[in-house]
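Dropping the structures in below, format is structure tokens.
Consider the two complexes below, in which subunit A is the common component and subunit B and subunit C are the respective partners.
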Partner chain A sequence: MYKYVVKRILLMIPVLLGISFVVFFLMDLTPGSPADIIMGDLATAEAKAQLNESLGWNQPFLQRYVEYIVNVFHGDFGTSYVSGLPVFQELFSRFPTTFRLALYSMVLASLIGIPVGIACAVKQYSLIDSFSTIFALIFISIPSFWLGLLMIIVFSVQLHLLPSFGSESFAHFIMPAITCSGATLATLIRMTRSTMLEVIRQDYIRTAYAKGATKGRVIVKHALQNAMIPIITIVGVNFGYMLGGAVITENVFGMSGVGNLLLGSIRNKDIPMVMGGVLIIAVMFSIINLLLDILYAFVDPRVKAQYKKGGT
Partner chain B sequence: MEDNKKTLLEIEDLDVIYQTDLETVHAVNGISFSMKQGETLGLVGETGAGKSTTALSILRLLAENTGKIRKGKILFNGENILDMNKLELQCLRGEKISMIFQDPMTSLNPVLTVGKQIAEVLELHNQKHLSAHQIEERVDEMLRLVGISSERKHDYPHQFSGGMKQRVVIAIALACQPQLLIADEPTTALDVTIQAQVIDMMEKLKSQLNTSMILITHDLGIVAEICDNVAIMYAGEIIERGTVYDIFENEDHHPYTEGLFGSIPRLDDETDRLKPIKGLMPDPTRLPEGCKFSPRCPKCMEICKKEQPPACRKGTHEICCHLYRKNDEK
Partner chain C sequence: MMTVAGKQEVDLNAEKKRSQLLEVWRRLKKSKVAIVGLVILIFLIFIAVFADLLVDYNVAIKQDLVHKLQGPSAEHWLGTDSFGRDILARIIHGSRISLSIGFIAVIISLIVGGAIGSIAGYYGGKLDMIVMRFIDVLMSIPSMLMCICVVTVLGPGMSNLMVAVTISYVATFCVIVRSSILTIKNSDYIEAARATGVGTFRIILKHIIPNTMGPIMVQATLSIGSVILSAAGLSFVGLGVMPPTPEWGAILTEGKEFIRTAPHIVLFPGIAIMLAVMSLNFLGDGLRDALDPRLKQ
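Moving on to the complex of A and B:
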């Protein structure tokens, strides 16, 4: 198991190198030079050329890339062309907002989605089942920006209950978290329902009933753990996505998260900022995936046995 | 077998259907039988004859949405199981009646250790108020009883072979020393050498613990080996029943039973082909009128196609066939 984890962490290195190369290349293809951004339209062409020279912009693409990577390995992510602040500092001042948003959304989606999904499976074709199917369909179809705007109109503008803008207090996170979790919640309900339905038809569930176990015990003790793998996959992967910044939600609610920062940086061709942001998202995603794989081993002993054998 | 032993289980006119929106499957059509304490009853028949449905009905484990018991009584120690509420059923299942399922590969929970799965049934029916430690000891004892080292109780089902898993299933079934054990084709999924081991072990444990058993199988060899009484099922009905001697030694048989015996290949017979019973089991959604076996029966008469054959008794031997009607009337 320990060996497996080390192997997976080492495997992250080529993945990150690949991602950084692709992004660096794409950013290079966009028009304009760093000096255009830093100095604006008023500067002379001479001054711009000088600045570009000092930033190393005139060197060949591959050389710039290699230099960037070497710097990253030394812990230097460069400074933002726009704000002039170190990239690392900028990103990490934004990260708590994104993290909180992702965490609240996932907790909300799991707390509602999993129990509702279970209830739907246990009482298949019942009222709650039909109702939640419709509910899930609506939530998966609604565009999140629209849901966000709608909530702002109702809860901020009309009822004055919640703040519509910013990310200072817990109240600021309520509407964004609901907006963000909608689609995940819907997927989670449907997925929990279908996996549970599959599991409760298994022979070992009948064995559990034949032992004299109550329905509740059978569901909680025997069925749920067997249905857990697809469920934690959905929660984990969506959490990973959200850590990369929920761009639309952050924009609608004017939150200063990583997603918003990244979007602005791409528009401004702020190469160090974009690179830093993308790398952080990639690292987060890889770590979440690794954690998921470790979690699988605790949920299903058969997976653990595979890891022990040294399989992938 | 003493006759004064108490009747343990009595099934009267049991009728079970599986109902879906599209069709109604007549799985069990008015069967009756009874068994005494300590007795082993073999339920024999082809796939789809209604054996497993009968077994599941006894524990009320039929699929909730589709399986329905239309009429009949299942008396266990004089109490009708069909009238029991949830709580009474929970006390019955696993403690007084337990079941061994067909496929050991899938009947154990893959995410729980075998020790926990055996302990669960003891915890659920802990009337002697055993402590956790005593339950663990009992788990070890059960594992040893079925021939598995007690050190392996921390292992998961995927670490066991098929035969070993079936032993674990048997340990679970016998942990509470039930009065009745229902074994639904316990050896079908196992290979022949393991079959013999498992059957031997079940036989031994059954006599040790004085458990009655319903053995569902299509293997006549196993029936001859361990059953006291045999009931042969076809299309949801018992078409012939009797003691193991009646079935294996007697001359007279239902044509279906003859077909079953005829289809067993013999060592001393030099034939190239097996002799199956021609045709297929009738579609349980549209059962034929009269005798259900008549479309496949080599001795079919006119009356067979119209009239349900009566039960013809001769001592302990009972055959439902028009052929033996005269014998009965004499």
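Moving on to the complex of A and C:
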């Protein structure tokens, strides 16, 4: 198991280097130079040239990339061209908002999606099953920004119940969390349903019933535990994506999260900020994938046995 | 004699293919949801194809500031936007743009991703490892961020938007095609084809790809919906189709500022996007069941 974890961590390094290279390359292709962004239109060409020189902009692409990576390994993600603050500091000041949004959305999606999915499987072809399946398909088709705007029209503009802009209080997170959880909720309902359907047809479920176990116990103890892997995967992977900032939702509700920051930085060609942001997202995404793999072993004894047998 | 036998074989193959398709269609017909999806999709495609006959393009872009921000009326069924343009006309012409972005981006990413995936999957070894590490990299960047990066490089606009969305979907198709190929490349019939001296290219094209079409078709159908959503999302953050081109996401975005006074501008294009994506999801879901009856227990 330890060997496997170490191997996975080592494998993360080339992928992360690849990501940083792709994004650095893309950012390098965008028109304009750092001095154009930092100094604006009013500065003279000489002043801009001087600043570009001091930032190392005139050096070859590969040299700049290698220097950037070396600095990152020393914990230096650079300074934002726009705000002049260290990238790391600015990203992490935005992180709590993004984390709260991701957490609330996932809790909401799981609390509704998993029980509804189980109910659909247990009562296959019933009214609740057909209704939930169609509901999930419709929900997955709604553009998140549209859902957000509709909620603003109803709950903020007409009913004056919830704030439409900002991220200060819990109330500010209610509509964004619902908006963000939509697609995950729909996927969770469908995935829980299909996995549970597969599991409840197994012999060991029949055995559990034959032993006299109650329906509730069989579903929760015997069936759900065996259906957990795909469910955990969906929750984990979506949580990972959301930690990278739900760009559009944060934009709709004017939240000061990582997604909105990155969107602004890409538009302003704030290369250090974009690079830092994308790298941190990629690292978090990879760590969550790794944690998921480890979690499987705890949820499913068969996976654990595989690690032990393989010695990896 | 040989030719007669050959002809009979071709006839048999054609009939087999036809009966397979008929079988899929028979199963698809049973799913009410899939048929609803198919009907809505055909309706939307019909609107997109005959948009010019339904309403003149000039109506969709002509400004009429006297009648701006009007609610639905007999003259303007879905109201007007902030420039007094008829929203229904814009949605009708927007269907051309939104649907073509969806279909074209998916077809190109399917061809490119499929080609890379089939070569990597068929040959395996070092080539496969290198390609898959590159695909890992692409898949670790959230697709929306990737699209935003690409559009920033190329600049906003319809064709650039399509390139951005295509790039972010290439990896998905590459992975699906590769995994489908890995599961069947060691099958007996591929072995038999190889033993009779059939060339690699022909094996991939004639034997492997047709047998992997099921999951690929399902994924492609579902992806068209996701691409339409992504394109609308990019337009929403100001990186998509530029005004006055009537793309659905762009029409919706223009209404964002008037959400308090004229919510209908936001409402109707959103319904159009939802209907298009929903029809593709309904159809994709039905196709999945029809192509793999084991799933429908």
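Convention: the second predicted complex is superposed on the first by the 308 of 312 C-alpha atoms of A that agree within 3 Å, B and C clash if a C-alpha of one lies under 4 Å from a C-alpha of the other, contacts with A are read in each partner's own complex, and residues count from 1 in each chain.
Rule of thumb we're sticking to: a residue touches a chain if its C-beta (ideal position, glycine included) is under 8 Å from a C-beta of that chain, and two chains touch if they have at least 3 such contacts.
Every value quoted in this text rests on a predicted model; they were computed, and no experiment measured them.
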Ask   = With both structures lined up on subunit A, is it a clash or a fit for subunit B and subunit C?
value = fit
Query = After lining up the shared chain so the two structures overlap, which partner does A:Val218 touch, if you call subunit B first and subunit C second: first, second, both or neither?
reply = neither
Superposed model, angle subtended at subunit A by subunit C and subunit B (C-alpha, nearest 10 degrees) = 80
Request  = Would you check which partner chain A:Met273 touches, where first means subunit B only, second means subunit C only, and both and neither mean what they say?
outcome  = neither
Inquiry  = After the superposition on A, what does A:Val23 contact: first (subunit B), second (subunit C), both or neither?
reply    = second
Inquiry  = Contacts for A:Ala119 in the overlay, against subunit B (first) and subunit C (second): which applies, first, second, both or neither?
reply    = neither
Task = Mind telling me which of the two, subunit B or subunit C, contacts the most residues of subunit A?
result = C
Key: Nearest Cα pair across subunit B and subunit C, whole Å   = 12
Ask   = Taking the two structures together, which residues of subunit A meet both subunit B and subunit C?
value = none
Request  = Would you pull the subunit C residues touching subunit A in the complex into a rising list?
outcome  = 33, 133-134, 136-138, 140-142, 144-145, 148-150, 152-153, 225, 229, 232-233, 236-238, 249, 252, 256, 259-260, 263, 266-267, 270, 273-274, 277-278, 281-282, 285, 295, 297
Request  = Report the residues of subunit B in contact with subunit A in the complex, numbered from low to high.
outcome  = 59, 61, 65, 86, 89-95, 98-99, 101, 103, 106-112, 120-121, 124-125, 156, 158-159, 169, 172
List of subunit A residues in touch with subunit C within their complex = 14-15, 18-19, 22-23, 26-27, 29-30, 133-134, 137-138, 140-146, 149-150, 152-153, 157, 194, 197, 201, 241, 244, 247-248, 251, 262-263, 266-267, 269, 274, 278, 281-282, 285-286
Task = Please give the residue numbers of subunit A that touch subunit B in the complex, ascending.
result = 124-125, 202-204, 206-214, 221-222, 225-226, 299-302, 305
